[in-house]
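Next come two complexes built around subunit A: one with subunit B, the other with subunit C.
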Partner chain A sequence: MLKLKSNVAISESGFVFDAGTGDSFSLNATGLEIVQLIQAGKDFPEILKILSEKYEVDPESFERYYYDFVATLKQMNLFVHHGEE
Partner chain B sequence: MSKLTFERPIIQRINAGLPSKYGMPRRLEPLSQIDGVSIESLLQEFGSPLFILSEQTIRKTYREAYRAFSSRYPKVQFSWSYKTNYLNAVCNIFHQEGAWAEVVSGFEFQKALANGVPGELIIFNGPDKSREDLKMAIQHQSLIHIDHFDELYDVIHLSKEMEERPKVAIRVNLDTGIYPLWDRFGFNFENGEAGDALTRIMSSERLDLVGLHTHIGTYMLSTDAYRIAATKLASLAVKLERKYGHLIQYIDMGGGFASKNTLKGAYYPGTDTAPSFDDFAEAITSALMSSDIKPDHLPMLILETGRALIDDAGYLAGTVLATKRLSDGRRATIIDAGVNLLFTSFWYDHDIRPVAPVSDQSEDTTIFGPLCMNIDVIRSNMMFPLLKKGDRFVVRRVGAYNMTQWMQFITFRPTVILLDKEGKPHVIRKKESLETFNSQELTPDHLKDFDL
Partner chain C sequence: MEKNKVTVALSGLNNIDSPGPGIPVIRGLKESRRFDVRVVGLAYENLEPGIYMHELVDKTYKVPYPSDGVEPFLERIRYIHEQENIQVLVPNFDSELFTVMKSEKILQEMGIRTFLPTLQQFEERHKSNLPEYGKKYGVKVPFSEPILSFQEWLGIEEKFDYPVVVKGKFYDAYIAYDREQVSIYFNKIAAKWGLPIVIQQFVKGTEVNVVAMGDGRGNTVGAVPMRKTYITDKGKAWGGITLQDPEMMKLTDKIISQTRWRGGMELELIRTAKEELYLIEINPRLPAWVYLAVAAGQNLPEALVSLALGQEVKPFHDYAVGKLFIRYSYDMICDLKSFEQFSTKGEL
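== the complex of A and B ==
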């Protein structure tokens, strides 16, 4: 399961600060919602259900954007690697 | 309750305020039009990928270059370097503007003749001139630039055989302070070889020595190198006059001016580093005017500028085939034009842009062509917006060398169009087809059939 690193802080406005590296990032509104759902322990099917009820988006496009987004978060080193922490 | 519109989720690293290597962070502006014509509509009409040339830009660039030299020197002549781009339509724009032809092979020579360039206005350069080529050049009274002694003796023999008086110049290579030294072509100045070649020509009494030529390199950023080269050629001209009372008609400074493309690994973009035509003109003409050549004997100044005259006028537009992530997490965008069409991507960090405005999010991206080989990299890493399959891109400044050095591989070379001064598109080279290739092939009878 995806888990954000414990030293990553996320504000209500989508500002992300990684205290471990000093890097900061900014999320758009959809990005923030998804990150909050991941933080709450939701998996992809649940996130898809929640967001497709709220937004006009077909499941296939959402899936593509979701996995691309998650891969970007991973590349930015915001998730805990397996076996860490 | 109606649903909200969905916006693709994005996260961006915040480094605003931190200067990048080019100063403040820049957003990659889309480029949707060329000379007011929509790139998208051209792709729809002529297919993807597509080379697009702007006649307006070619003429404007040529006139700028001509003005820079002719406002400083009494007799200036450009000669279009065919190898840079020998599509007939392109050559003829330069010929309409007044440029002669500069060719380096029998094929290019015949192309220039077929375009209607008078033989005596064709400069024949290069180390590979066959006897047949030389004969053709002598018959047409063309300007033969001799590259080495073997060729010099060939021309002397032919002059006897044909009872003609060939018009010749020698190509001189010289030390301009630029490393590596381009000493492969022509006769060396510093070791006296160039002087020996001139002596040999004068003493043969069979050849008409009309000029001195040098081509000091390509993508030259140093105007000083041209000043040095012009000074050295002028000194040879002075010697010829002193020793033989012989006046040459021209000094040909070759090509080599840098275009505004950015060399791979360069710290600053080419738009900031390439000297202007005025800078090159000042260096060359002031060297000639301040030499010991008598003012009323100043020879014509010939320039064989290639890339700097045509790079800006050429574009390669196309379509994104796919995006993916590489194993190290970097983004890869795969486009429908590979290094076989964009040979210059081996030298340049090409300026590549989306055609339509897309997301503000940029990522470190590698741009690959569609060939099944790992050298097919158009840009190895650049900040590029997230494009998706079907989105269009355009590469700027591809007018030089690509449409002559392109290779056919696994698919056809694409259509080339020219936008005329009114923005009307003209196909100037058709996309190849299966017939193009099959018409060149012969299958032996015993290989015509098979049973599977």
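== the complex of A and C ==
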């Protein structure tokens, strides 16, 4: 399961700060919602269910956007690697 | 709490695009809760901005360059001491440390305290000695060799892969991607800072730094890690942010405890993609970004003065993570009279 690094702080405005690297990013409202769900320990099927109920989006498109977004977050090194923490 | 009056003389007033640490150190001292500091500036050039920053520097004296030798330096300090009764001297340039360390005893007899690394600590962390340093203390350092001529480089070139970093004895570093660039940078740095030139294997990664202080008995008095967020063409930080990095803190503690480091220091490190930390340099003094540490909760300049005065200092354990500094330039307006006075009399 995806887990954000413990030293990554996310504000309510969607500002992401990685205290280990000093990097910061801005999330839009949808991005923030997804990250908060990941933070709450939800996996992809649960996130898909929650967001499909809330927004008009077909599962195929959402899956594509979701994994694209997650890949970006991974590239930003925001998740715990296997065996860490 | 009543503050103790103390007169501190310090250098590094060149608050320019590649700034000396003087002004940031003074800002820390002026915010001290323990001391009411009278600041006596020591300047080498007539246009060092700190000379004219009277809200921070009470009086400035021109001093001879360290390359002029120990005697002219001591003679000038003796004169300044007669006028100012200096209690603590804080040299802020690498190039003057040797002279001050050599004079430590004489200064002490005059009543001037310092808190500096020992000569051994100073010598063994030289850029040219870094590989041995790494071996001795179990710290990862990039492979490097000192050279005295470009011909010498041709003889050892095959031990390296390009790019390499060409470094001066005290200051300056350039990344060279081929032999021709090594030659250009060798001549450029040698003309300015002399020999040897150190060739260091380039390590790819993010540059991170730690400002720290050791009490000389193996304890870390304080340490704050930082990443440069904006770097000038001279490689200087124009912006930076404090980090939460236990590995950097562990490494700092390890170096300070093993070497029993005495005084301020800056560790320059590279963090690779594999999260390995390579030590690329140890600067034996507080860096120009030290005010970030003060703002983050560790007044290291104040601690330095306390230690120089032989006072007990409680180690700092915390600092604010995510504290930023952003440098800026500012056109200070000065009277010609002030410039004239400093240029002709060497005092202002």
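To be clear about the criterion, the second predicted complex is superposed on the first by the 85 of 85 C-alpha atoms of A that agree within 3 Å, B and C clash if a C-alpha of one lies under 4 Å from a C-alpha of the other, contacts with A are read in each partner's own complex, and residues count from 1 in each chain.
Definition applied: a residue touches a chain if its C-beta (ideal position, glycine included) is under 8 Å from a C-beta of that chain, and two chains touch if they have at least 3 such contacts.
Predicted model only: the values in this text are computed from it and were never measured.
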Combined model on subunit A where subunit B meets subunit C, clash or fit: fit
Touched partner set for A:T72, first subunit B, second subunit C, both or neither: first
Touch count on subunit A, higher of subunit B and subunit C: B
Partner chain in contact with A:I38 - subunit B first, subunit C second, else both or neither: neither
Which of subunit B and subunit C A:G22 touches, first, second, both or neither: second
Subunit B versus subunit C as contact partner of A:V57, first or second or both or neither: first
Contacts of A:T30 with subunit B and subunit C, given as first, second, both or neither: first
First, second, both or neither for A:V8, with subunit B first and subunit C second: neither
Smallest separation in angstrom, by C-alpha atoms, between subunit B and subunit C in the superposition: 7
Residues of subunit A contacting subunit B in one complex and subunit C in the other: none
Footprint of subunit C on subunit A - complex, ascending: 7, 9, 17, 19-22
Subunit A-facing residues of subunit C, complex: 206, 226-227, 229, 240-245, 321-322
Complex contacts: residues of subunit A adjacent to subunit B: 16, 23-31, 33-34, 51, 53-57, 62, 65-66, 68-69, 71-76
Subunit A-facing residues of subunit B, complex: 3-14, 325, 329-330, 363, 386
